[in-house]
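The following blocks contain the structures, represented as structure tokens.
Two complexes, one shared chain (chain A), two partners (chain B, chain C).
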Partner chain A sequence: MLFYLIEIVTLIAINVIFALGLNIQFGYVGVLNVGYIAFVAIGAYITAVTSLGNTENGFTQLYILHWNVPWPLPVLFGGLAAAAVGLLLATVTLRNLRADYLAIATLSLAQVLYTIVANNDSLFNGAQGLAGVPRPFDAQLADASQEVYGLVFLIIAVIFAAILFLATRQLQRSPLGRFMRAVREDEVVAESFGRRPLVARLAALGIGCFFAGIGGGLLIEYQTAFGSQAWFPLETFIIFAAVIVGGTGNNLGAVVGAAIVLVGINESTRFLPASIPSELVGPGRGVLIGVLLILFLRFRPQGLLPETRVRLYGRRIETPDNPELPTPPQTADATTS
Partner chain B sequence: MTSVDDALLAVDSVSQNFGGVQAVRDCSFVVRSGHVTGLIGPNGAGKSTLMEIIAGGLRPTRGRVVLRGEDITGKLRSTVGRMGLVRTFQTARVFPRLPLMENLLIGRQVQRGESLARAWLPPLWRAQEDELRARAEELLEEVGLSHRRDALGGELSGGQMKLLEIARALMANPTLLLLDEPIAGVNPRLVDTVVAVIERLRGRGIEVLLVEHNLSFVGRVCSDVIVMAEGTVLAQGDLDTVRADRRVIDAYLGSA
Partner chain C sequence: MHILIQSIGYGLVTASVIAIGAVGLSLQFGVTNFVNFAYGEFLTLGAYIGYFVSTQAHFNVFVGIVAAMAVTGLLAVLLDQVVFEPFIRGRPNLVVLLIVTVALSLILQNLYQIVFTTDFRRYAAPSNTQYSVGDINFTGSQLLIIAIAITAIGALQILLKYTKLGKAMRAMSDSADLAQASGINTRLVTRAVWLISGMFAGIGGVVLAINVYNVQPTLGNSYLFLFFAAVIMGGIGKPWGALISAVVLGIVIEVSGAYINAAYKGGLAFLILILVLLLRPRGLFSSRRRTV
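Now for the complex of A and B:
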């Protein structure tokens, strides 16, 4: 039971990183990266091939690089590689990264990468994926029990999630975060005040993809294996569901959304009675997430935790529940003399 | 007449076609320093198109726009903005889901904390941030919105949004402020606030070009008036002079 709890919290921590990164793109600037899961995969694969070295670890598998750099460099490489691909895509798509164009470009990129990786064994061992990825502190903790190692990894994952959470919050409170929100709200006005909306979008895209890559790196280290079945392009929408249910633009919302949608729904199906046929469980989860998303978009589009009004030194005020922000009656015009 | 190159702003033989429609026809005028200039004219005269062209939103079919000797024709909005030409919009455009304070803070164009490297290190930008916040508080006070400082942009009335836009533009310390119908939808009591704000700008070296339909307002604040009709300039001078101009009377009352 304890081990199971450790496992759940570890998975939540990793998924929080995914949700935070997507929230920076979608929630802060309104960049629609529907190929987000591909950046998770890039992080995972790069982490693997920079830590696997030449040892076959008992598996017969093909992959590139064969590096064996000390931890945590592989995870950072994963994050940087994901960010680099994100920025490369952005420069190719140009067009000011308008939401609709970028959505098409990112979805295509995810599909193209997926097809290449799944069909080309020499990159990351094809559809079977990579296994035997070394875990952090493996050598030092070779004698540790499953629970103890689980706890160590849990601490690592939570530290990563906490650092990225604090970094995200700092970004949100900074003038750069404000610039991002301004671009989301009205890019023509932002332009009229000397800003280039592309800059805010590039920054959000780079930072968000970096988060995706870091999360992917931790995920592959935790599972020690990762294959193309883990990042079918449509998986991105489950992360979107987490961000929307938690509260678009709210960092704590991303944490809550990751816990509920990404981990909670998947894990809850473990406790279904055995009489339910197992082949219904997987699709059932998808249906459940879809229904949840529709209900939230219809009845609580701001999510469980709405975006807060950020103030640098002061308190936070919750935005009103009504997202349409009605104009108050004209009497409010009366100024104090 | 001041020449194109030493004027604060010069519009030189600008034409703009939209398909077969000629919205602006060979339009030329000069905005002179030391004046609040009003651009007036009946609906469809081409005023809004011209504002877009000046602010960098639109490249004219022909002609050029010169800001203090520098050709800004067809430059990006962001470039024109950084050159000190800042505008408001005909239909107020505030950031609806951002608090008034953030709406104003965006107005300042060069901010240390907007760089990707510095954003994470508050000590590098906190001093500027404090200064901007103090300035924003002053401006909220000046346009009479400080009692609503905790509201979101989208929660204001239409008239209050116009005032917020003016305050945001002033955050930029512009050299030339374009006001697009600054009192449209503004409650009569607040019009006095707008007049007072514009009058105070004279002493600060901020020049104003405004488009407005309300002639009594134009008479109160503008010392130079440009009249447009059917895409071209009919007359320029003080309000009484242009009012007496035969062509202006025809354009306004209809020559039919």
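Now for the complex of A and C:
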């Protein structure tokens, strides 16, 4: 039971990192990254290939780089690699000013990366993925029991999540964060203050993908293995569900959402009666997440913890009566009929 | 040289499949102004219907297509009424609508896994007779695919150009507000657009199943980004642009597939998409300046 508890809290901490990153993109500035999970995968794979070295850890597998840099550099590399790919993609697509172009491009990127990684063994060992990834402090804790090591990793994950949470809060209060939300609310007004909306979007995308990469790095170190199955598109929507259920634009909401969605959906299925065939559990979960997303967007778009306006001059400005989700960068006159 | 010519022939077949999907997607995108990320799932349903009617029940392939069109067309209208309509009423929000379609895609794909299982269903080819057109060998099924694509897109073109409904659709595509102001029942036109877009998904699904010989729950979704690529290349809301782009994409994919690892075919299509976004953000055939 204790081990189970340690495991679930660790997974929540990692998912909080994912949700915070997606919240910066989707919640702060309103860009839609439908292929978010691909950036998690990039982080995970880069972390693995920069820490595995030549040892292969007893597994016969092919991969690139073969670096072996000391921890926590691999995780950092994972984050940077994800951010670099995200920025590259965003530079190309965001010039179009429409939310759907980026959504299409990220979805396509995720699908293409998935096919290439799964079918090319020389990159990250193909569909099987990488295994035997070194865990942090493995040598020092070689004799530790499963529980003790789990606890150490839990602390590591929580520290990472806490640092990133504080950084996000700092960002939210910074001029850049205010500018991001201004772009989300009204791009033209934001632009009239002399700053380019594109910068806000690029920053949000880069930072969000960095978070995804860091989380992915921690995930692969925790599980010590990561294959194609781990980044099915479904996983992206667990993170979307976390952000939307928790409260779009609210950092605390991202934390709460990650905990609720992950525990509620992922873990409750463990206790289903045995009469339900196991192959139905995964798809059933997918349907449930989809329905949850639509219902929340329809009936409580602001989420459980609505975004509160940041203090200005020491006064707290309350959320307006009709809290809206981020308005798109440019709603070319959508059908009103 | 022979490989090149032959793969151009296969390219035309792939292009026909992409064109049907892209035209259906482009029509709806142009009129309702949001992308439907669940369109791949519409095709998958069409493919399953075609499989049950033609392969399981041994009806003619055209009966399968008509049945698939009916079912996916109704599904599209139903989803528009039940799911999208409430979101569009009031102040529509593009980002929210996009996530709703993505969530729908997730729901439908998982429902197919539950209802139809993840098994690969083998779709029986309508005709395996070999025909030679010039230097290119086609099977009867492949010629059928090309013929169906030409017929369907030609019919849509006639509808758009010469009927009142088609004119209303084009008017809405230019500006929904102006169309409404000039007395067009935009609600009704939107419904018709969803119906036609869904019917194209039905045709596309069956054609896709004929082309790859099997049906499984992620069939349509795996082609979705090719449709997107064709739609963006062709310019949003321009069915003819989507058609020409589909031909380009289909030929590039199949010709490259003859020389490089098949896994990279999709990567190449993605590269083309990125290049188009970089160089011609409004599509290859854009005539007017970008409006902000």
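Note that in this section the second predicted complex is superposed on the first by the 308 of 337 C-alpha atoms of A that agree within 3 Å, B and C clash if a C-alpha of one lies under 4 Å from a C-alpha of the other, contacts with A are read in each partner's own complex, and residues count from 1 in each chain.
Assume a contact is a pair of C-beta atoms (placed from the backbone, for glycine too) under 8 Å apart; a residue touches a chain by one contact, two chains touch by 3 or more.
Quick caveat, the model's predicted, so the values are computed rather than measured.
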{"item": "Partner chain(s) touched by A:194 [first = chain B, second = chain C, both, neither]", "value": "first"}
{"item": "First (chain B), second (chain C), both or neither touched by A:203", "value": "first"}
{"item": "First (chain B), second (chain C), both or neither touched by A:43", "value": "neither"}
{"item": "Partner chain(s) touched by A:126 [first = chain B, second = chain C, both, neither]", "value": "neither"}
{"item": "Chain A residues touched - chain C or chain B, whichever exceeds", "value": "C"}
{"item": "Which superposed partner A:179 touches (first chain B, second chain C, both, neither)", "value": "first"}
{"item": "First, second, both or neither for A:257, with chain B first and chain C second", "value": "neither"}
{"item": "Touching partner for A:103 - first (chain B), second (chain C), both, neither", "value": "second"}
{"item": "Residues of chain A at both interfaces, chain B in one complex, chain C in the other", "value": "325-328, 330, 332-336"}
{"item": "Contacting residues of chain B [partner chain A, same complex]", "value": "55, 57, 76-79, 81-82, 86-87, 89, 93, 95-99, 101-102, 105-107, 109-116, 119-120, 122, 125, 129, 133, 144, 147-148, 150, 152-160, 168, 172, 187, 189-190, 193"}
{"item": "Interfacial residue positions of chain C with respect to chain A in the complex", "value": "31-35, 37, 83, 86-88, 91-100, 102-107, 109-111, 113-114, 117-118, 172, 175-177, 180, 186-187, 190, 222, 224-225, 228-229, 232, 261-264, 266-267, 269-270, 273-274, 277-278, 281, 291-292"}
{"item": "Complex interface listing, chain A residues touching chain C", "value": "26, 30, 32, 34, 89, 92-93, 95-101, 103-105, 107-109, 111-112, 115-116, 118-120, 233-234, 237, 240, 244, 279-280, 282-287, 289-291, 293-294, 297-298, 301, 324-328, 330-337"}
{"item": "Interface residues, chain A side, partner chain B - complex", "value": "167, 170-171, 173-179, 181-182, 185-186, 188-196, 203, 206, 307, 309-312, 317, 319-320, 325-330, 332-336"}
